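Written out below as structure tokens is the structure these notes cover.
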Amino acid sequence: MNFNQNILSLIRLFSIKKIDNLYSFKNDYSEGCHPRILEALVHANHDQQEGYGDDDYSNLARKHILSHLKCDAAIHFVSGGTQANTLVIAATLRPHESVIAAETGHINVHEAGAIEATGHKIEYAITPDGKLSPELIAPLLVKAEDHHLVKPKLVYISNSTELGTVYNLAELEALSHFCHQHNLFLFCDGARLGAALTSTQSNLTLADMARLCDVFYIGGTKNGALVGEAIVIVNEALKTDFLFHLKQRGALISKSRVLGVQFAELFRDNLYFELASHANTMSMKMAEALKQKGFDFVAPPASNQIFPILPNELIARLEKHYGFYHWKKFDDNHFSIRLVTSWATDEKMVNEFVSMLQG
Amino acid sequence: MNFNQNILSLIRLFSIKKIDNLYSFKNDYSEGCHPRILEALVHANHDQQEGYGDDDYSNLARKHILSHLKCDAAIHFVSGGTQANTLVIAATLRPHESVIAAETGHINVHEAGAIEATGHKIEYAITPDGKLSPELIAPLLVKAEDHHLVKPKLVYISNSTELGTVYNLAELEALSHFCHQHNLFLFCDGARLGAALTSTQSNLTLADMARLCDVFYIGGTKNGALVGEAIVIVNEALKTDFLFHLKQRGALISKSRVLGVQFAELFRDNLYFELASHANTMSMKMAEALKQKGFDFVAPPASNQIFPILPNELIARLEKHYGFYHWKKFDDNHFSIRLVTSWATDEKMVNEFVSMLQG
Amino acid sequence: MNFNQNILSLIRLFSIKKIDNLYSFKNDYSEGCHPRILEALVHANHDQQEGYGDDDYSNLARKHILSHLKCDAAIHFVSGGTQANTLVIAATLRPHESVIAAETGHINVHEAGAIEATGHKIEYAITPDGKLSPELIAPLLVKAEDHHLVKPKLVYISNSTELGTVYNLAELEALSHFCHQHNLFLFCDGARLGAALTSTQSNLTLADMARLCDVFYIGGTKNGALVGEAIVIVNEALKTDFLFHLKQRGALISKSRVLGVQFAELFRDNLYFELASHANTMSMKMAEALKQKGFDFVAPPASNQIFPILPNELIARLEKHYGFYHWKKFDDNHFSIRLVTSWATDEKMVNEFVSMLQG
Amino acid sequence: MNFNQNILSLIRLFSIKKIDNLYSFKNDYSEGCHPRILEALVHANHDQQEGYGDDDYSNLARKHILSHLKCDAAIHFVSGGTQANTLVIAATLRPHESVIAAETGHINVHEAGAIEATGHKIEYAITPDGKLSPELIAPLLVKAEDHHLVKPKLVYISNSTELGTVYNLAELEALSHFCHQHNLFLFCDGARLGAALTSTQSNLTLADMARLCDVFYIGGTKNGALVGEAIVIVNEALKTDFLFHLKQRGALISKSRVLGVQFAELFRDNLYFELASHANTMSMKMAEALKQKGFDFVAPPASNQIFPILPNELIARLEKHYGFYHWKKFDDNHFSIRLVTSWATDEKMVNEFVSMLQG
């Protein structure tokens, strides 16, 4: 009997339970983790390991990830995105330096002031699609030498963005070039990096990310892991003493193997990308159907988050069967909603959703 | 076929792997988690759940824990002890207020300045055994109304302490009474609360903890969980807006079910206490043997961490077979070491260690 | 011989020295202090006094100011506006709470991230004239109970604003009412409060300020003092432990008499208001002349800062004789400039400026 | 008529007023400022000047101070010692770095947690006389590479210390050498640097300070100025962007001329040193008389603060005539007191005090 196979099949036996009888398109962290992750945790469970990031599994995960990067990097595993964002920014900036973000950037709106709590101002640009560009950043640099103002030093982007859009190679190259020219660090929040890199609209690779960003992170929680994000520091200047910052911000967990095991499994082969690809395929199927019905979107669908603008009566009908967030009022008869798919999204449910649109 | 039993037995098939061929008494987070935790994660894996602490499993875990407390409390699950300490302290204090700790307190020595990074001074008392008492705290309050100094507002204790000692009921009642008299909050770091409460030298219960502390946390990571600590807020004044603090300090994880499932399982019955009790039994067996050989200790053995003072040649012999930390030089011929047992400690290894002492 | 008169006359003998041969309309802190302040410092110089805010002069100044307020208040003297803003905000907010300001608010643009350095986010509203209103604040409160966001708790206004505009009684009453309704504190930055209250467009008094704000400060540095601002705390909840915050933020100076002497003199009679009134009269004279020439303004002239939009060739002509800041490009042929008058502005220079406009 | 002389003589006409009829030896900030400072402020009063540190007087003061230093340095004027300490430390350290101080160091005990409020831990050594040495610092460096601890990066000393003791050249050279060897910055709090450098027990000069410290400040408030401290940054690495930090910490005052005028006057000739020397002469006269009566001291008298241990009945007798602080209980019959002299101390009062000892 194939032992691994056996656990996997057992795990797969459990059926999906919905929330309040609605199938949820609310987010990409509704389910647990991919069965292979659970299986890996089972396998590793009784090994005695060092703690605080120095276990064999974390080291193995580093090796796997580095093989994708094609350059040297320091890799640290943490248990959440707010942690990753907070500590990278706090470790990078001196007290008078600020971070530039899109107005819609996660650090600007959805982290309860976590960045400011470390002492730093976020300066933001208004952007239609959640993406930053040299053109949007440049005006924020004009007065950079006036000591009555904060001094911009770091550019924060998300890929995919909070509006589901993604950067392509030319865009990231332009940003990277601009940042280096202006002595700014470039940091990419990759909570949904899998979805970004496997988007049909992106020609970026992990190696490009490492070549073009000073630091970024690879999100696990929203792409098949139980919990965990992998911070990748490429710029030598940002590597120094990073372990101190990890510890100080509460992000260095004692039983670090838990994170290491998961990333080792996700990057042992192409699992990480396959899971993201599935999420994208599911959302694109929904986006295609919505387009065919003539609906518009807040931003062009590109990854596992899509934001169609729908008539209120359709929304009312859909929410009898599906869970999703209302995004923004469009006009008296329309609202935008957010639909999110994940590695765990069931294609039958997507098909059912598409059918319902026809109804 | 009993399905649960089947996974459990599969999980148990895996044999223990040592580090560098040494059986580790270095800490209580060397292994993964208790098989029942893994099993619970498997069972819950495909359920769709809300995130950020509002999932069914977290709510179930709250219910189980509350049944032990015999009072009302707000319970929040986080992924690490530094997080728990940092956020409780930062949420409790105003900028000019300080926290009082033992010199050996974890927040004072082993968190890379995490508390100060939130803006607060730690004032500490020298203590022989890691425990605080009204007598040790009182001198730090003398000048509390001088605005050139910080104003003490919170007392931090650990139970068990960083030296493995534990508080008994009378001691905690005295501390609690003193704190309330002096308008101080009492916070207990319970990273190893299981070991404390199941110590043969303690007559404290979880209900006592809730009655006598304003806030405390129940450590999971070091007592059988994969990762997780449960913060219990009893004092009404400290409950307000705590979710904001959780989010701001990076401790509110999106896939909160991961923590909820584990604590629901640990407190579904007496698993939490049984695991801690096993750890204590193992350490006491070692302590007893060390005492019989006439060795002294840094502090009286009481829980799963013991600190015998041993001749250097014995240490040299032991470390050929076991992993442990050297603590402090005692004299030219002696050093104290730290031996830590856990829920996962193998009794055969303990017996072997005891035999080796005779050698 | 009248002794006081003698020093005063000596002091007045000194003639004005310009910067680079330009008479400066750059700001209201170009000169030293009003001769009566110097005289008061001379008189008090050899008295032995307690320090840290507890000297006789600070107490006398408190008494004088309180007589204007018609209510009880705690009054503290500090040496700068950034200090006043930083410490009031840091003392008022808990870590997860934010301050709401106008986009043009001093704390948002010109304090090098001082507020964020104490851990708090500034949320701002776009406003045409630098003033806030319930209508502008309300949209920022919509999501106030979502713990993924910061929680607004304090509204910061400046009176006069950074654009020279002023609040009238009805406007401040509306703001105050709105804030209390929504459980927000109202804080007024009064670096130029003198100019605001003596504006012909304002019907506000110091007593109104105290009745309608929870805390505000009365600017001395920009209205005749050598250095100093008086923080007035009306809301009982904000008075507690404020001395600790003063000390912690470096604002409690040992030789506090220096600040006390000045405010005692400014508020012994109507000197404070007379000085501000002179500044306003001078700026209004310039504004009137500019209006008559048909020039428009960035915001309606109301106090000692005015922002006319001028043709570039006129600006070029004026800056051969006067110092002032270029504000913003208006179009290819026009720029707005900032003209600032003060207690020390020489009417002859204003007349000369007005003549030059005719030229 | 000699104009300057005239103001000076007028200023000097005013007689000293005591506090509660007691002549105060409580501190060195009881009086206003030296008449020459007042006179300089009068002279400069009507000049129009740039603000925020860029005025002619601040530049003149820089030139005068630099002539003493014999090396290049960036010099910034601020209005208080807590400000100077807070901003130098916050500007120097990265978040995970700590500052080492003596237990009695001002930043550790008397600044209401100002340093911790910027996010940094103070690690301290117990010292009998308020002075640090390589021997006292070394043990704090042992674990400097463990990222569970903070990383010491800055050594803070005071000269003179809080116990009135002073460093000599050999001691400061040893400290400086040690710091550079261990990659630590050396910062000297010079709130009472005048008293230190003019002590008969010190052979240090301002030029030595600049050669041996990375950064220090020259206290004005406690040595004849109305208000003001001059921060001197020698180490190139610490100069960068310091203006941003000044602004952010509320220490960059708009009417900076006020500070510039004073330091230009204090260092135009030897006034700064003469004033300090007077303070020392007065305290040494008292110390000598106390020694002759057989009294012991908390630390050897060396500067303008002395700490004699006196019988309670003598203290009771003295405090009918003089103001001073009780320091520490010595035994049932003795207490130490703190006597402080200043540039303004009246020799008649010192003589009277000495006579009273005989009584």
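Think of it as A, B, C and D in the order they're written, each chain with its own count starting at 1.
As a convention for this text, a residue touches a chain if its C-beta (ideal position, glycine included) is under 8 Å from a C-beta of that chain, and two chains touch if they have at least 3 such contacts.
Treat the numbers as computed from the prediction; the structure is a model and nothing was measured.
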Result of counting contacting C-beta pairs for B-D and C-D, higher pair: C-D
Pair in A-B, A-D or A-C that repeats B-C, with over half of contact pairs matching by residue number: A-D
Whole-Å gap separating chain A and chain D, where each centre is the average of the chain's CA atoms: 52
Chain C and chain D: spacing of chain centres that average the CA atoms, whole Å: 32
Intercentroid distance (Cα basis), chain D paired with chain B, Å: 45
Per-residue multi-chain contacts in chain B, two or more chains: 95-96, 111-113, 117-119, 147-148, 150, 244, 247-248, 252
Chain D-facing residues of chain C, complex: 3, 6-7, 10-11, 14-19, 23-24, 27, 29-33, 35, 38, 41-51, 79-83, 86-87, 111-114, 117-118, 221-222, 226-227, 244, 247-255, 257-258, 323, 344
Contact set on chain B toward chain C in their complex: 52, 90-91, 94-96, 118-119, 147-148, 150-151, 241, 243-248, 252
Chain C to chain A touching residues, read off their complex: 95-96, 98, 109-113, 116-122, 147-150
